[in-house]
Amino acid sequence: MTPAHMEAALMLAGVLFMLGLISVLIRRNIIFMLISVEIMLNAAGLAFIVAGSKWVQPDGQVMFIFILTMAAAEVSVGLALILQIYHQLKTLDSDAANLMKG
Amino acid sequence: MSQTDFLYLMPLLILTFAVLVSMLVIAAWRNHKIIYVITALSFIAAFGSLFELRTTTAYVIEPMFVIDGFGVFYIGMILLTSLLVSMLSYAYFEQREERKEEYYLLLVLATLGACVLVISTHFASLFLGLEILSISLYALIPYLRTRPRSDEAGIKYLILAAFSSAFMLFGMALVYFSTGTMMFSGLAQSIAGMQELPLLLLTGIGMILIGVGFKLGIVPFHMWTPDVYEGAPAPVTAFIATVSKGGVLGLLVRFFMEVDGFRYPVLITIFTVVAITSMFAGNLLALIQKNVKRILAYSSISHLGYILVAFMAGNQMGVEAITFYLVAYFITSVGAFGVVAMLSDKDSDAELLDDYKGLLWRRPWTAAVFSAMLLSLAGIPLTAGFVGKFYIIAAGINDQLWLLVVMLVLNSVIGLYYYIKIIAVMFQQPETEREPGTRLRPSIYVASAGTLAVLALLLVYVGVYPTGLVQLIQNVLVSVPEIVAK
Amino acid sequence: MENLLWLIPALPFLGALLLILLGTRLSRMLVAILGVGSVAVSAIITILLGIEFLSNRPEFYHQEVWQWFSVAGFTPSIAFHVDALSIVFVFVITFVGALIHFYATAYMADDQDYSRFFACMNLFVGSMLVLVMADNLLLLYLGWEGVGLCSYLLIGFWYKEPENGYAARKAFLITRVGDTAMAIGLFMLFQAFGTLHIQTILNQAPEAWSVGSQMAVIVALLLLGGAVGKSGQLPLQTWLPDAMAGPTPVSALIHAATMVTAGVYLIARMYVIFELAPLAQTIVAIVGAVTLLLAGFSALTQYDLKRVLAYSTISQIGYMFLALGVGAWSAGIFHFMIHGFFKALLFLCAGAIIMALHHEQDMRKMGGLRHKMPVVYWTFLIGAASLAALPLITAGFYSKDQILWYALAGENGSIWLYLAGLFGAFITSIYTFRMVFITFFGESKTHLEYPPGKVITIPLIILAILSLVSGFIELPHNFGHVTLFSNLMAPVLPGIVANESLAANEWLFQLVAAIVSLGGVFVAYLFYIKSPQFLGSIERSEFAMALHRFWHSGWGFDALYDALIVRPYVFISKLNKRDFIDSFYTGLARLAEGFHVMFSETQNGVLRNYVAGIVVGAIMILTISLFL
Amino acid sequence: MILVWLIVILMAGGLLAWLSKKVSPELPRWVALGAVLLDLILIVYLWISTEATTGSAWLLRYDIPWIPQWGVSFSLALDGLSLLMLLLTFFLGLLSVLISWKEIKTKVGFFHFNLLWVLAGIAGVFLTMDLFLFYFFWEVMLIPMYFLIGVWGHENRTYAAFKFFLFTQASGLFMLLAILGLYFIHGSETGNYTFNYFQLLNTPLAPDAARLLMFGFLAAFLVKLPVVPFHSWLPDAHSQAPTAGSVILAGLLLKTGAYGLLRFVVPLFPTAAVEFAPWAMLLGGIGILYGAIVAYSQTDLKRLVAYTSVSHMGFVILGVFAFNEWALQGVVMQMIAHGLSTGALFILAGFLYERLHTRDLAQMGGFWSKAPKMGVVALVFVMATLGLPGLGNFIAEFLTLVGSWQAANWLTVFATIGIVLATAYSLRIMQKVFYEPGPQQESFHDLNFREMLIAVPMVLGLLWLGLYPQPIIDMARPSIKEQLQAYNMEGPTIAEPKTAVVQPQPGATIDAEQLAINQRAFSNLQIFQSPK
Amino acid sequence: MELTFYIAAAVATLATILTITRYNIIHALLYLVVSFLAVAVVFFTLGAPFMAALEIIIYAGAIVVLIIFVIMMLNLTHEDVDKEKEWLTPRVWVGPAILSLVLLAELAYIILAPDTQPTEALVAVDARLVGMSLYGPYMLGVQLCGILLMAGIVGAYHLGRQKKKVVHRFLQPKEERSAAI
């Protein structure tokens, strides 16, 4: 792969990251927000893979595995919490969850 | 991995072990008290094991950890704070219907994460420590899951923390992409000769700062703080205010000392802006706030701003000041939230200012302790907070950060207003005689009260005779060449 | 005797102290004994001292009681310095004071604050004595302000009437304006000489300053400022007529005989400075001349008996200033002494009348008292004659004539000053006898309630005698040539030499003065006895009425000051009652609150906004990274 | 060691008073009285016993390390100036306890705790010779004062307490900055990092640095003094505080500002202070007039008295920056005399408030006949306020003005006009309260024994100060002389205690050198030149 | 190889855009799976085949399935889709889009800026190497991952625990069902 390609791959990670980001910003549904964050984490993982293959080191991939673990744990806790919120508030609208402000 | 490695990681191992044992015990027999005792003992044991690690030289576990005086001190700080939090938690959770045992598991895990953070020298361990802390907090914050506010706080924290973690990870990736190493020392080597940082690297560090800044709750990543402080159970709030922030701060200090980040005007500019806006935003937001937990949250934003002033001094005195201030701040925060926890009843936490009206005449000792804590936050003499603030200002002036120091002073004044306001409320004559809430069983009550008393005494001791602590910090930093060199 | 100097002021002070501490518990008798006795003993000591002084003729007596303080060479003492000048003043103060005290025991007999009255009076005498006996200007200043305080307390003695209180405040405030000028003068003197010791200054001044030097002029003018304030001279004269709100003995003692002449004393005491500043001295003379005229006109139009006397006092002190201004030092002091006697006499008589008429002071409601109170009538007449300077028999004639003579013939004299003095003398005798005629002649309009007793009349008689005979100790050289008084003054005050070209015709001027004085009496007789209708017809004209009002109000000075100073000051003060600087700080607090509201808008609890916050932070960081 | 006891007795007494509330509600009063009395006796003993050794300015010293890492030591030293201020402190402290005897009925124990701790803080400020410790005590006195105002004050107490606290704290923090700046400059110049006053005196400073640092110190002291335009906390704090609080505020807290100017600003920054002097004196002059003008229209008695303090403190700053012995002695006298006279007026206001439950002048009047004793006492206090000779304030003001005249003629003229304005407002008090008849008050009794016990010493004190101030002047002279040395020679020469040089006794003539220096100092501003 | 990369990149981007614009959450998740698969292909082209596999197994498999499970539990209906449509008006897009584009532009500038160092030719880092380092230097990291997962499990367990038994809406009695809606 050429260096330009490498940067293109990093750019892809950046684009995906931004797409996740924009989604977090526009979505009101908490599940969607969670999914969007997953997209961002995935993009970060992609960036690590790119960096790892740039330096021909396994470290990038190791980091990807760690990210994967973290994403899984986070999603599981997040989903449990979402269940709980739906139970309490009867909605998934994040804007509705603003009991606390000021 | 050698045997000595394990020896040096003993505190972490003890905590891990404690979690496992607790889980087994829970599986067999759910009992609040036993789990509490195990937790407390594990903190004590881990703390005790630190005495074995008092070294004057750093011990490096390639590639992820270094155990040096700085780390040991911070771990000690974190462990003691967690111990105090757990002591406060016992009384707090005893009167709640929720299952209590998992709380301690999560508390220990979060503590573990924080401990990992402060001895990290590698992005991987940084990330993992941070995430262990975060994931535990995701569950701790909404621990009282039947409270809508808790759940709301939980989801806010979760989404935002994950969001900022993503930034941080992307930043790490960029740094890695740019330098080919994820170790702090490697990074330091690769930029050692540079006058200016390459843009990609700089961006990477900037994005890492987003993640770190989020955890520290500094502007503009501060917005979760009041909501989470308000929604989380009081002991958890105390934990977030202290251990979580302290751990991350320890990491930040280590990272910047290692790579000598203060050479670069860009980073200085970023931190200056962040520090000043943090101070102002925190204090102004707290100004006429009615909710005590939110006041403390906003005040924590500004306090982190103060700490950044010393941080930017970027020399040994700055690190000493940060460390000292953190000790003072830990004592104070745990004390303050301890009081909140103690005054909370079964249905809700004591968080409205009205709940504190005339407290001095109802429960004079509690009020006195709370006043002492608030005065310490305000930086009034005879308290640790005063010496801490003095230290920070001294560090700032030593490095001639006049702008920041003057801002700090202005903000101290704004801050005074709301701290004193709480005290004034406590001194007011209550209009209607409130019934003192039903007291817990004396033994439990004594545990909390004793903790608070210890904290108050400590506060005054450090405030009146700071020499011991200053000496300790200076001794500890000797083993960190990166800091002493400056 | 020299060692007893301190007793002279100390006794009245002691009396005052005892009266303050024990006042309410003592019987009236005891109060009277303490009050009068302390001053009387002082007077006796003074007389003894005076005799010794006259027989031994030392330059001065000096006694240091203790050193007040000592700061870097500034070492004023509580020390007394009595020379001829002082002794005249001390004598008048203690002697006239004792008489008035004695008189007051009867006059104030019914007052519930009997002891307070005597306490204040004693305090006054003490302070006044300190003033004239002080050996340094700081101690003099102590007495100076002390008499101001007592004057304040006594004018406001009947405090329940708000006007009395205001009159008292006015007196204190206006004299303090003068005092302030004087204080600045003291600063300058101290800067120049490093001491405030009077004799040292007087000795060093001619060496330090040349004649007419700027410093000397400024200092002299500042001292003059103090003097005009205390002595009721232009432009600070407005307080004195109002000061008549106090009990009549107070008016007699303080606002006629003693305190108001403190200015004269000060100028005489510091004569060296004034001689070094001819400009200032001329101003003194002009002030005196103008004041005596203005006050005379005002006196013409008053109906309140005491106010007439008050304006007359202002006018007479104007004569003294005139004398000092032309360098006739001794003549000024002589007039002070004579004036002290006859003015005290007039006031005490007025007091007797007022008391007899149940505190009626309006002359228009009096009349025909000649037969009802003969003693008062005759003594008043003597006093009036002395005031009007009826020739030959009255003491006032000799003293005033001397002044007029030197105003023309003195080295600093001028024809204008002389004419002013002469015209003043004319007016003086008009208003004096206007007063006599209205009060004692004509029809009786009221009946007496308290005919004056012995305690009242004895002081009157003594003072009347003095008003007649005391003039004979100083007679013009062409007319007996007695110079007892000026001889006494010679060691302390420089003499004056008359213009030789005029000296030959001195008798002519004496004649003119006598004619003027008698002419005044005649005019008064014409207007008030012979044909009062004539006056009435004049007074009805538009212009005369306006003039009358103008003079009656003391040339409108009160209104002027009120409009120029008092009301603007009160207005500004009221305007700024809330202290506008404070609003700056409250504004800061508002600003902080505004920011709070602004910031708390961002904390709206909506998760997406928080996310946006992080993004904004990210953009900020990246932007700084990119562009820095 | 006796110096430490002075502070410790008060602190311990405070705690004891608080605790003794449990035993009996009256006990705290006695404990507090005992503690302050003990201190008063100690300081009087010190005064009497040390008079013989007037050669050196420093009478006593106590020094132990506190935070050796930072060069902070627990360093106390006593010179004449401190001794005088301490005398005033304990004297007024004693009176404060007595005034509160009947006035304070709630939370008696806590009240006396605060009272004694304020006094302890003030005593610490007057004694300490370590800048860190100075700041420490400076702050220590705030909190109890805040409580005194905030808990036992009048209707608007919370606002007043906040305002007081924020103003003083804000300015104090700027002083902290300056202290630290000085510390580091000294440290980097000499390698000796210390907060010790005597060592910092010899810090070589660049002109700019000196100016900035001086402004830091000035901020604290000018606000505390207070100087217009930083005075706006004072009327509120004074009028809302309980009587004892007002007395301590006016009598002592303001003096800490003046003391700071004398002790720190002038000796530490001789050159910068001389540069700033014209402006400082201008501020003083403005303060004198402004305070007097605003005071005149006040209808709240305590507020009126508060503004008179603003006016009187103008003399202090005027005098401090005149740099000569007369002015400085005047300042010292003013500190003491004002402490007594204004404290006394507040006590008077307290007496009236106890009887009438109002501070509104419109509700008063005609009390002379009802309470002659009070009238006489009040008269003395009022006359002291307007600077009547024979009372302490006169000596103070006269000396100050004599001194300032040497330095700035026109300003002195304006300041002297302030005396006329002082007459206006002072007489207004007499007029409104004692002279003209006001609304009828049923039971208005004259001063009782306890109240006389409070008032008479103040009257005697004022008379003593006015008639024989020499002991005070002698006591203050060595300290003042030492400070002035800084201007007569190249560098500051305040000698450390124990190694103090015996100063030459003052000559009987004017110090020509002194005048020359004044002229040099003031030649940079034309308007301050004397008309020669 | 290069072409594969670009195609996969295009697919990934497109699928992600579709993911974030869907109203129906299930649809969105399906597009997300596509996106993950495309990213896996990118991994493959970057010489990380093992990671590609993990991406498919864990991301596309485990995580997405988990989310779908939860969605099933929550009984999302057509109303939710409508609500989503209602929430996602074009106006909502403006602010976030601007913010993101600014950020993206800056990032692009930084990434594509010419100052990056030249890289060596691509060499695949195979699974063995990854495993070696995972159980070599990163040994402690792996253990920490275990702890991380433990925290996740404990947290999820505590939070997810239901007090009441949740009954699926089809199994609920009619009246309760209407009340729930």
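Chains here go by letter, A, B, C, D and E, matching the order in which they are written, and residues are numbered from 1 within each.
Everything below uses one rule, namely that a contact is a pair of C-beta atoms (placed from the backbone, for glycine too) under 8 Å apart; a residue touches a chain by one contact, two chains touch by 3 or more.
Keep in mind that what you see is a predicted model, and the values were worked out from it rather than measured.
Engineer: Any chains in contact with both chain A and chain D?
Structural biologist: Neighbours common to chain A and chain D are B, C.
Engineer: Per-chain C-alpha centres versus the global one: which chain is nearest?
Structural biologist: D
Engineer: Taking each chain's centre as the mean of its C-alpha atoms, which one ends up farthest from the centre of chain D?
Structural biologist: Farthest chain from chain D, going by C-alpha centroids: E.
Engineer: Counting C-beta pairs in contact, which chain pair ranks first?
Structural biologist: A-E
Engineer: Which chain has its C-alpha centroid at the greatest distance from the C-alpha centroid of chain A?
Structural biologist: C
Engineer: Any idea how many Å lie between the Cα centroids of chain D and chain E?
Structural biologist: Roughly 71 Å separates the two chain centres.
Engineer: Calculate how many whole Å lie between the centre of chain A and the centre of chain C, each centre taken as the average of the chain's C-alpha atoms.
Structural biologist: Going by mean C-alpha positions, chain A sits 96 Å from chain C.
Engineer: Roughly how far is chain C from chain E, centre to centre by C-alpha average, rounded to an integer in Å?
Structural biologist: 102
Engineer: Per the centroid of Cα atoms for each chain, what is the distance between chain A and chain E, given in Å?
Structural biologist: Whole-Å distance between the two chain centres: 6.
Engineer: If you look at chain D, which of its residues touch at least two other chains?
Structural biologist: none
Engineer: Counting only residues that touch at least two other chains, what does the list for chain E look like?
Structural biologist: 95-96, 99-100, 103, 106-107, 110-111, 116, 138, 141, 145, 148, 151-152, 155-159
Engineer: Among the residues of chain B, which ones contact at least 2 other chains?
Structural biologist: Those would be 124, 128, 131, 135, 138-139, 142, 145, 154-156, 159, 163, 199, 203, 226-227.
Engineer: Check the chains against each other and report every pair that touches.
Structural biologist: Every touching chain pair, ordered by label, is A-B, A-C, A-E, B-C, B-D, B-E, C-D, C-E.
Engineer: Can you list the residues on chain D that touch chain B in the complex?
Structural biologist: Going through chain D, the ones touching chain B are 66-70, 132, 135-137, 139-140, 142-143, 146-147, 150-151, 158, 161-162, 165-166, 169-170, 173-174, 176-177, 180-181, 183-184.
Engineer: Going by the contact rule at the top, pick out the chain A residues touching chain B in the complex.
Structural biologist: Touching chain B: residues 10, 13-14, 17, 20-21, 24, 30, 33-34, 37, 40-41, 43-45, 47-48, 50-52, 54-55, 57, 59-60, 62-63, 66-67, 70, 73-74, 77-78, 81-82, 84-85, 88-89, 94, 97-102 of chain A.
Engineer: In their shared complex, at which residues does chain D touch chain C?
Structural biologist: Chain D residues touching chain C: 163, 167, 228-229, 231-232, 235, 293-294, 296-299, 324-326, 329, 366, 368-369, 372, 376, 379, 383, 388-390, 394-395, 398-399, 401-402, 405-406, 412-413, 416-417, 419-420, 423-424, 427-428, 431, 434-437, 467-470, 473, 506-511, 531-532.
Engineer: Using the touch definition from the top, list the residues of chain C that touch chain E in their complex.
Structural biologist: Where chain C meets chain E, its residues are 612, 615-616, 618-619, 622-623, 625-626.
Engineer: For chain A, which residues count as touching chain C in their complex?
Structural biologist: Within the complex, chain A touches chain C at residues 21, 24-28, 33, 94-95, 97-102.
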